[in-house]
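What follows is a pair of complexes built around chain A, which joins chain B in one and chain C in the other.
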Partner chain A sequence: MHIPDGYLSPQTCAVMGAAMVPVLYKSVKEVNKELDKKDIPTMAIGSAFSFTVMMFNVPIPGGTTAHAIGSTLLAIVLGPWAAVISVTVALIIQALLFGDGGVLALGANTFNMAFLAPFVGYGVYKLMMRLKLKKVLSSAIGAYAGINAAAFATAVELGIQPMLFHTATGKALYFPYELNISIPAMMFAHLTVAGFVEAIVTALVIYYLEKVEEDNILYQYSYRLRGEKR
Partner chain B sequence: MDRFLEKTIQGIYGIFEDLFYSDEIAAKKGLMQSLDPRVKLLSILLLIVIANFGKSILFLSVFAIYTVVLAFLSKIPLKAYIKRVAVISIIFTGIILLPSTFNFFEKGSPLIYFGKNLYITKEGALASLTLMMRSFVSLSFVYILSLSTKWTDILKAFRSFHLPQVFTTTLEMAFRYIFLFLEVSLNTFLARKSRNVGKIKGRDGRKFVASVIGSILIRSNELTEEVYKAMVSRGYRGEYKTFSSFKMTPWDYIWISSNLIFIIALFNAKL
Partner chain C sequence: MKKLYIIALIIILLTPLGLLASGSAWGEWSLDEVKEMIGYVPEGMSKFAELVKGILPDYSIPGFDANFFQQAIGYVFSAVIGIAAILITFAILGRVMGRVKKKNG
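Now for the complex of A and B:
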């Protein structure tokens, strides 16, 4: 889902980057309010966590492996605003130091994976919780919705390129496939495989966090992650 | 089914390798290494923007040659560099673009025939080549930047853009903890692998990955508290002052002016 440079026109990148500015501004403010002075270490360590999770290969049926993004997971355990910053910082490090995802496309990539994915995922999760579904199941549905929302946005950003940016003769200058190809291609992969990977991993982690027993040394540290107040 | 263990272990080793490799090259005496990281970061970003506005093959070819020369003058091993950049920009992009070059996607004058009614069009091939070149140039610049600069310096250079400090400090701190978490994960995956008998079922594999994520999450939460307390005990009160020791040298001015000349000449040539 990381869009490399060269696929999107610089104009699109500028618009997506501009869209992320108020989002980041708001999330820095929200995180400051919620976590008072602990903001920096919390967000730094959240970002490192996000980066690490994206490194893990998850076995999928058929003998191959896939990656999870963990946006919804972070939104559930840290809150959606902190998730925005964590995933954004992880994506910046990936783009600048490892060349995963474009530098110009960072605006688009962060919008999809660091803003849409955690917020849609978190929103759906909260909705499911309100419908009295179990936490583990709600998190799975949320994660599935979150990653598919991000995939859909990616497909739209790519698919509008040939309509907006072409030569006088109508030849595409950037990504050549229109929406009628980009959306089915992206959504097929995410609705069938990547969405379930994300859902299963998120649900299993939530399940694991709920199951950490009282005699476990980690128990005292996980109360906040389980949603308990102390 | 236990390929996921090896893939993750190799992936993490790959990151450590990249870090080591870039530290080694950043320590060499080359063109890019002699520049101030702030100047380097900003100029590389601007060069990527300009390259992405490029629409013609010729314009992008000039940029492609420029990146290779830059890599050469910065003492970056050319073979490894081209291989690394080409995997994404040529091979990955090429596979995605291949269908768009055929006549069933868009009509055009035939270039290579596969059958009577199936051929690659000249226009399609040209458009794909442009995109591949653009992707190659952009990725090259990023790669040259990340190899010729110490990674901590790249992140430090962000401060000079006057972004909110919350953001830049988070970036710098995150970088340190990434390596801690990667090491913890590496050890966990290695421990699991060394205790492995037979094949791991997909189900168990997914459970294992999720439990690693869960345990790292709990540890990170614990670490946050500790780091925060450690910072407070050293006088942290919610504000952060940072020192940067970057200094502009004559090389930076030479670099900036020669790049300006290059860009202006490129636009005047109307490629």
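Now for the complex of A and C:
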């Protein structure tokens, strides 16, 4: 789901980057309001977890691969605004150190994976909780929705490129496949495999965090799950 | 507490499992792969592609990726470097972010 450089036109990159500016601004403000300084290390653990989870490529039928993100998990544990920052940092490190995802494409990639995914996932999780589903199940359903929302946005951003940017003879300048190919391909990978991986990873960690004892470092960070306010 | 570090270590050591899935992710092809698929490399794509290659491109140590064992070492090494970079980033962010808790005795 990490769009490389050259796949999106500079115009698209600029629009997505501009969209992320207010999101990041609001995220920092909300974190400053909601989280104590000593909670910032949890955001670091969450970011590192997301980074590592994204390294576990899973095979998709047809010879491609995909991976989980952990966005919804972070949104549930840290709150969605803190999740934005945590996943954004992971994506920046991936782009700069490992060439995974473009640097110009960071706006688009953070919009999809660090903004859409955690917020859609968190929203669906909240909805499921309201429908009286158990926390672990709600988190799994939220995670499935969150990663698929990100996959869909990625497919749209890629798929509009050949329509908007082509040479006089109709050759693509950037990403060459249109929406009728990009959406089915991205959604197939994430609806059938990656979505379930994301759901299972999220549910397992939420299950573990709910059981964590007071002597565990994660206890003080899982207060949201126990419904405690600070 | 100790258990948590052990879990983290196990997860990091297991990352090479992610190398077993063959092929690129859909929409993350190299220029060569794109050329193979559609017969040409889009002009803009070749202009901006690989703008930043990274120090450890594709989570591998350059020149040390001849076999799966080397790739696995590079992958685990990349995980460690990436996590370290994230922790350093948050150590800096922690200085400017987060609410300072009021003294409550």
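In this text, the second predicted complex is superposed on the first by the 184 of 230 C-alpha atoms of A that agree within 3 Å, B and C clash if a C-alpha of one lies under 4 Å from a C-alpha of the other, contacts with A are read in each partner's own complex, and residues count from 1 in each chain.
We take it that a residue touches a chain if its C-beta (ideal position, glycine included) is under 8 Å from a C-beta of that chain, and two chains touch if they have at least 3 such contacts.
These numbers come from a predicted model, not from an experiment.
Which holds for A:A44: it touches chain B only (first), chain C only (second), both, or neither?
Both: A:A44 reaches chain B and chain C.
Tell me which partner A:L24 touches in the superposition: chain B (first), chain C (second), both or neither.
A:L24 contacts chain B only, not chain C.
Name the contact category of A:I200: first (chain B only), second (chain C only), both, or neither.
First partner only, chain B.
Counting only touches as set out at the top, which of chain B and chain C does A:K33 meet: first, second, both, neither?
second
After superposition on the shared chain, which partner residues are touched by A:A168: those of chain B (first), chain C (second), both, or neither?
neither
Once the structures are superposed on A, label A:Q94 by its partner contacts, choosing first (chain B), second (chain C), both or neither.
second
Who does A:T52 touch here: chain B (first), chain C (second), both, or neither?
Both partners.
Have a look at where A:V103 lands relative to chain B and chain C in the superposition and call it first, second, both or neither.
both
Contacts for A:D5 in the overlay, against chain B (first) and chain C (second): which applies, first, second, both or neither?
both
So which bits of chain A does chain B touch that chain C touches too?
4-7, 9-10, 28, 32, 36-41, 43-44, 47-48, 51-52, 55-60, 63-65, 85, 89-90, 92-93, 95-99, 102-104, 167, 171-176, 218
Which bits of chain C are touching chain A when the two form their complex?
1, 3-4, 11-12, 14-15, 17-28, 34, 38, 40, 42-59, 75, 78-79, 81-83, 85-87, 89-91, 93-94, 97-101
Once bound in the complex, which stretches of chain A touch chain C?
Going through chain A, the ones touching chain C are 1-7, 9-10, 28, 31-41, 43-44, 47-48, 51-52, 55-60, 63-67, 85, 89-90, 92-100, 102-104, 154-155, 158, 165, 167, 171-176, 182, 185-186, 189, 215-218.
Once bound in the complex, which stretches of chain B touch chain A?
That would be residues 1-4, 7-8, 11-12, 15, 18, 22, 45, 48-49, 52-53, 55, 84-85, 88-89, 92-93, 97, 100, 105-106, 123-124, 127-128, 130-132, 134-139, 142-143, 145-146, 151, 154-155, 164, 166-167, 169-178, 180-182, 185, 200, 202, 205-207, 209-225, 227-228, 231-232, 236-238, 240 of chain B.
For the complex, give me every residue of chain A touching chain B.
Its residues touching chain B are 4-7, 9-10, 13, 24-25, 28, 32, 36-49, 51-53, 55-61, 63-65, 70, 73, 77, 85, 89-90, 92-93, 95-99, 102-104, 167, 171-177, 200-201, 204-205, 207-209, 212, 218, 221-222, 224-225.
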